[in-house]
């Protein structure tokens, strides 16, 4: 079983990202489970969401303590929240930032940075990065196929919106592929 | 059809497929996504029901009482404070023998207020006369609604049903579900055809009062209906299995019970984590099993006594506490079921108010049980007490 | 007899309760004085005053509780209340 | 004749109300107006208790009782159900003043806000009679009840009668009326209007209670009349929040009403409480002003 | 001072002597005589309290919550439907740790509506965190109020208390009572001095919510307070005994237990009839005894297990039924307490909704128990079912 | 200065409201008006949740939360208790619109009827925000919420906003006012009046919610102003049931308000719903008529 | 233990009679218990009330099935209610009637009739017979002393009213004494 | 630490929750343009705008959530919102 933790802020769509990743994974034939950190957080406050992937039915219901993957939607979080907590050795961390990758990640953990906000602004016209980061996640981890991601987005959004979001994800996917 | 979806949405979809004519519910975390989805179905013509946006939970269930008595299939959903606020109507609806189905997205009760999961809410209403089903995962949470209407509306039963599933842990979790199709549901669940209803063509008085000459017998008949429900569930659950491949005839379900020495008894979503933990313990050579209680009312006393008659010890997990009693309700009633057996049964109150339960906790509980330690809270933060 | 599920009943059963036995005073209707206005019938809380073929009114003593409303309200003072026989 | 035949058909003999009960008469009259195509929702209280000990129901129409406080919510559900079934029965709620002014607000406010189609009839006997004459929000000023007893430190109930019609008017109820068993034709007409006006309508019926108010059962109607004649009860109609009809009277002094009932006895014995009686007279005077109650004899 | 008086009036008088500052209650049969008497005391200057004539029971207890938090000794009384209507506040008041005392004139719950006695109402709230005392006669009904305030307000406890006594059977019965004098009560029960209160001089937030980090521990602490109450009751009950001659230190009280072979376990007023029946059975050579449970919360598990450790069989009388479970709550919890003992414990659900219980019934139950027949309703009218 | 110092003293920093929350600002302003000798009773809802996760209370006055529906009953008890103790603190209820218009009626009607002395402040963000933007009785006509979603068969909320001030006026509340966070001085003055007027007083504060209504947090005040300028929110005062003061405006068309918020987006997209917008304009026009809202520019 | 059942109508004071008899008995040093038939009966409807007397504390809580004594406050009841049901052999039945004692009482049961209504009307000016019948009961059964009865009434009513009621009870007491 | 009985707490504790970390945009106050009207202080939902000795206003960035109300409502346009540094 692999586990993903997504860090974001209330209002930034972290939960949606987790759901869409799970949908895409499931489209790809993997068992998936997505859930938010259950809380009362308001817009702007730090929030988390989780995804599990496995080849068999997922029964586990506890929270995620030692993720294989981490997505940080908003790098302003890093100074206040321990976003890297518990990440497994060999794990992958994706941070949305326009800066260079200068964060202290635990040993044996791979850090990928991407300026998802700029991509989203450019492609969607909005600083909403969750679908963009899905593309990055797909490329970085291989947990989801890009085609499945497309399907998931097409299912969720109307045609026009889906196309734009797929485009944003594509840019990120290619960026991470290229960087890898 | 397999799809991956949120627990609440799956439940809402199941409810839609059951074609309730009147839906009346009041929002409360973590039940909200269900009622929002239903409101959305109605707003978009996907569900032909009257959706009554009531002003509180007492009214929510009262409206169901009226609608059900008038001959409609009705639905409600609530949890926690909402359930407690409607308590009087909960008892009333059962006594009036109205086959209402209500989802409970289980949540702790206050004070202190908590929006997080445990099962104190529905368990606290275990005397009320409603059948109580508990789901382990969202597949069960979904399917049990079909079963619930089928059983509730059966002429032998005529009792309302709680379909309970863990708030957040299931309600807010996306996972794969095999969702039935409308024609399948229609085939399984016929139109609601009440024995009697409010109808000017055949006037009947509903909800009369009972003097001491009659009251005891009315309560007895309710208790008998509860007991009859065991057979009706067996039949309806089997039929479901035959038609759709998932058999819900059993009130309790064992996991690796056959040779188990230590058995965990549990309800709801924790069973998944327990199974994972059991697999690991089995791998480490420990003979541990699980007995899941899917139906808490009627309480499957005989089934439990039988299933556990040969084990060495029993650890009962309770996400509720009867404050001032020996422990949680499940432990108390499991001991009741096994009275006279001499098999040690220990209770563990845990996971209250959303405290997470992990595989390691299950393993630790098994150790405690092996050492005869139990009937206590588990997982306390020592620094706080 | 078997109980109705859910404590329900069909109409007619209240008539088993013969409230005439509650009566301490008993109305007697004087058709001589009566104007057939029907007030006694309208105002009887028991609904036990009935009109006869001639349009006169009389109570059904099986249910009349002897409250005396009819007597008080009869505009013709055609109704008298007397001690119930024992 | 057909009309008359109905008389004891829908609310039947054999009920267990006190002899001379105003509420029982209300049930009869309301059912005469409502007719057979009616579903009655009844709250807990005297009416429910005296009419439905299992299995002896006095109701010949479909009738339901669930709880003390929830009649309007139960009615909401029935209305929704009938709508979905395409059925045409009318819904009549019968509830006491306690079930309406006090505990019923748990469900009334929401039901009126949602605009369901029902006729809500409050039989107002001005206290909780079923449980032994406790104060309600409808109990008049200074009435002695078991929870607002007159005593060395008290003249009885200290609060004015809650203005339920105004409260429901503020909820947007399209038709609101007050009526009295002393005027049965008027009462029936109002009930019919309430039933036939779409939306949540309200009729508050003055239904004196011999046992709770302390008078002989044969005086029930006479006392109901006095309430109107003194201006302490006003019979009016309100359409869309505007008063459209008022029963005018040549007013009598309030004490003619007060002295007929034990609940006001402490205003006269051991000594006459002129100041308190004056306060009650002021209530009647305010009613007269507010509703234009007085028939000006000279001018007409 | 010995006097003969109605149960409700005796209770009201006891409450008056406790000097509550705020009384808030809503009338409901058969509790009404209590609140009427208190209203009368206030109207006649005999009780210097604010008497709030609330509009429903939920408000009644909510007002007590406010008044208690603001630092006043508060009192309420209710039963049946009223108790169910205020359920949410009942749980809340306990969680907020407010030492409210509420009398419950026990009555059946609907539907079907019944104004008559059984104990379904308070028993159905056994999870709520309140202490629950049950009176056998009006002397106890009276005295237990003094004890209740004493225990509730003790700093170690800070939990509210139900003082339960059978509706009508006790509440409407005249019998001799030894009523304490004001100076005696003042001596026993000091002024209410809350640990904390709403006070602008020292602002505190009451009723905050608890995240999963804290909730479990708050519930644990409530359960611990329940358990501590055993000692506090013992102490306060003994002190009462020393001062006034009636010792209430015991949570359970035995009658002819020493050599008993068959023991009846019961609560409340039926214990009187049971004792009379036992005397007659003893006279006929049957070794029968009674174990009366006076305190149901905290549940005296250890005390019961100990008291019954040597008997041959146990018959538990329940004036309540957990519908769909094996029986009434007392039987279930007595078996829980005696788990592992192999002594047969049989439950009898009886007296619901005011069905009369006579000496002959007690005798018949003893016979049934001797024959191993039990866990059933008792006293059904065969012609009705 | 002393006044200003109080500013962040009684409702403290560190609370967890969304950035730009109108309710949080309401809490601050009300507490400035109320001062330290105040006991706050809070219902369940956003305000309670964002200000009091154990142990991080943002309240520097005595504060109590019991349930969602019972603030007014809890306040009744506190008032009784203070009276008996001879204490002088003032009681301020802070409750959302859901806790007031809907579920709170369980306890409000009785508390107002009994005439307790408290100031009831309803912060009206026009839906249940804490649970995710469900409809309340205060939700305006056509607003899309999660339980009154706009859809193919629906334009959103079908019922007009419940007239809570009128309902409480009918209960005899001596002082009633509406206010807006866009006019803080007026708001504070009204809160002070409510606190200082004996008896149960009511102030309904328009407190826009960026998250629930769908706008950016920096627009909170601007949108509150637009509500007033379009006549969809009226700031007024009522003493003993009579309107005594109204904030007059030069009215703008309602769509200037509507188009700022996602909850009304379906009125403009995919296509403009002129008929519905006209209905909403009619609501504003009715308000203007009822309260005499319009500044007649020519005449003045 | 001896048991008394009182038959009357709602509003006639049967419960008060039971209470006052219990008070008087207790005044006289006897343990007593009084209670109504628990019900919802309205004014005019047949009602019952009960008293138990014993030399030791009364623990029994069941209803009264085989009374030693019966008081019938209103003889109009007799045609509809089986007022003599269960009365013990050797028991005493007191019926308020102005007629001659022509009722069919069970064998071995003593019937006493008294026109309590006339007495009450004469002495109290009201047809309220409960206190009058107390006097008859005292005389017929000896369960309560007349002095105790006086005390009970004095306790319950104000001076004037007590005096009148005592007087009514006295007349009945003397009448039954004389008849015996 | 020990829990308070009944989930109670004394004031001050909310300050442990440094909501400044929520900020994505950050206000900067230009004292040059400021008229000292105090509107920014009045309308800040956080109550985190403080007056300095000279009568100028500045936010306490420990708690400022960057909502932008002060900037929008400042009559002098003296407050600018900038992206928070990362």
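In this document, chain identifiers A, B, C, D, E, F, G and H correspond to the written order of the chains, with residue numbering beginning at 1 in each.
One rule holds for everything that comes next: a residue touches a chain if its C-beta (ideal position, glycine included) is under 8 Å from a C-beta of that chain, and two chains touch if they have at least 3 such contacts.
Just so you know, these numbers come straight off a predicted model, no measurement behind them.
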Shared chain contacts [chain B and chain F, defined touch]: A, D, E, H
Chain grouping by contact, computed as though chain D were missing: one piece
Comparison of F-H and A-B by number of C-beta pairs in contact, larger one: F-H
Distance from chain G to chain C - Cα centre to Cα centre, in angstrom: 32
Centroid spacing, where centroids are CA-atom means, of chain B and chain E in whole angstrom: 30
Chain centre separation in whole Å, for chain E relative to chain D (CA means): 38
Shared-contact residues (touching 2 or more other chains) in chain H: 3, 6-7, 9-11, 18-19, 22-23, 65-66
For chain A, residues contacting two or more additional chains: 40, 44-45
Touching two or more other chains - residues of chain F: 16-19, 21, 49, 52-55, 57, 59-60, 65-67, 69, 101-102, 105-106, 109-110, 113-114, 130, 137, 217
Interfacial residue positions of chain D with respect to chain F in the complex: 101-102, 105-106, 109-110, 113-115, 137, 159-160, 162-163, 166-167, 169-172
Chain C to chain G touching residues, read off their complex: 18-19, 21-24, 65-66, 84, 86
Residues on chain B engaged by chain F in the complex (per definition of touch): 26-29, 32, 35-36, 39-40, 42-45, 53, 55-56, 58, 81, 85, 110-113
Of chain A, residues touching chain F in the complex: 10-11, 40-45
Chain H contact footprint on chain F (complex, rising order): 4, 7-8, 11-22, 24-25, 28-29, 51-52, 54-60, 181, 184, 216-222
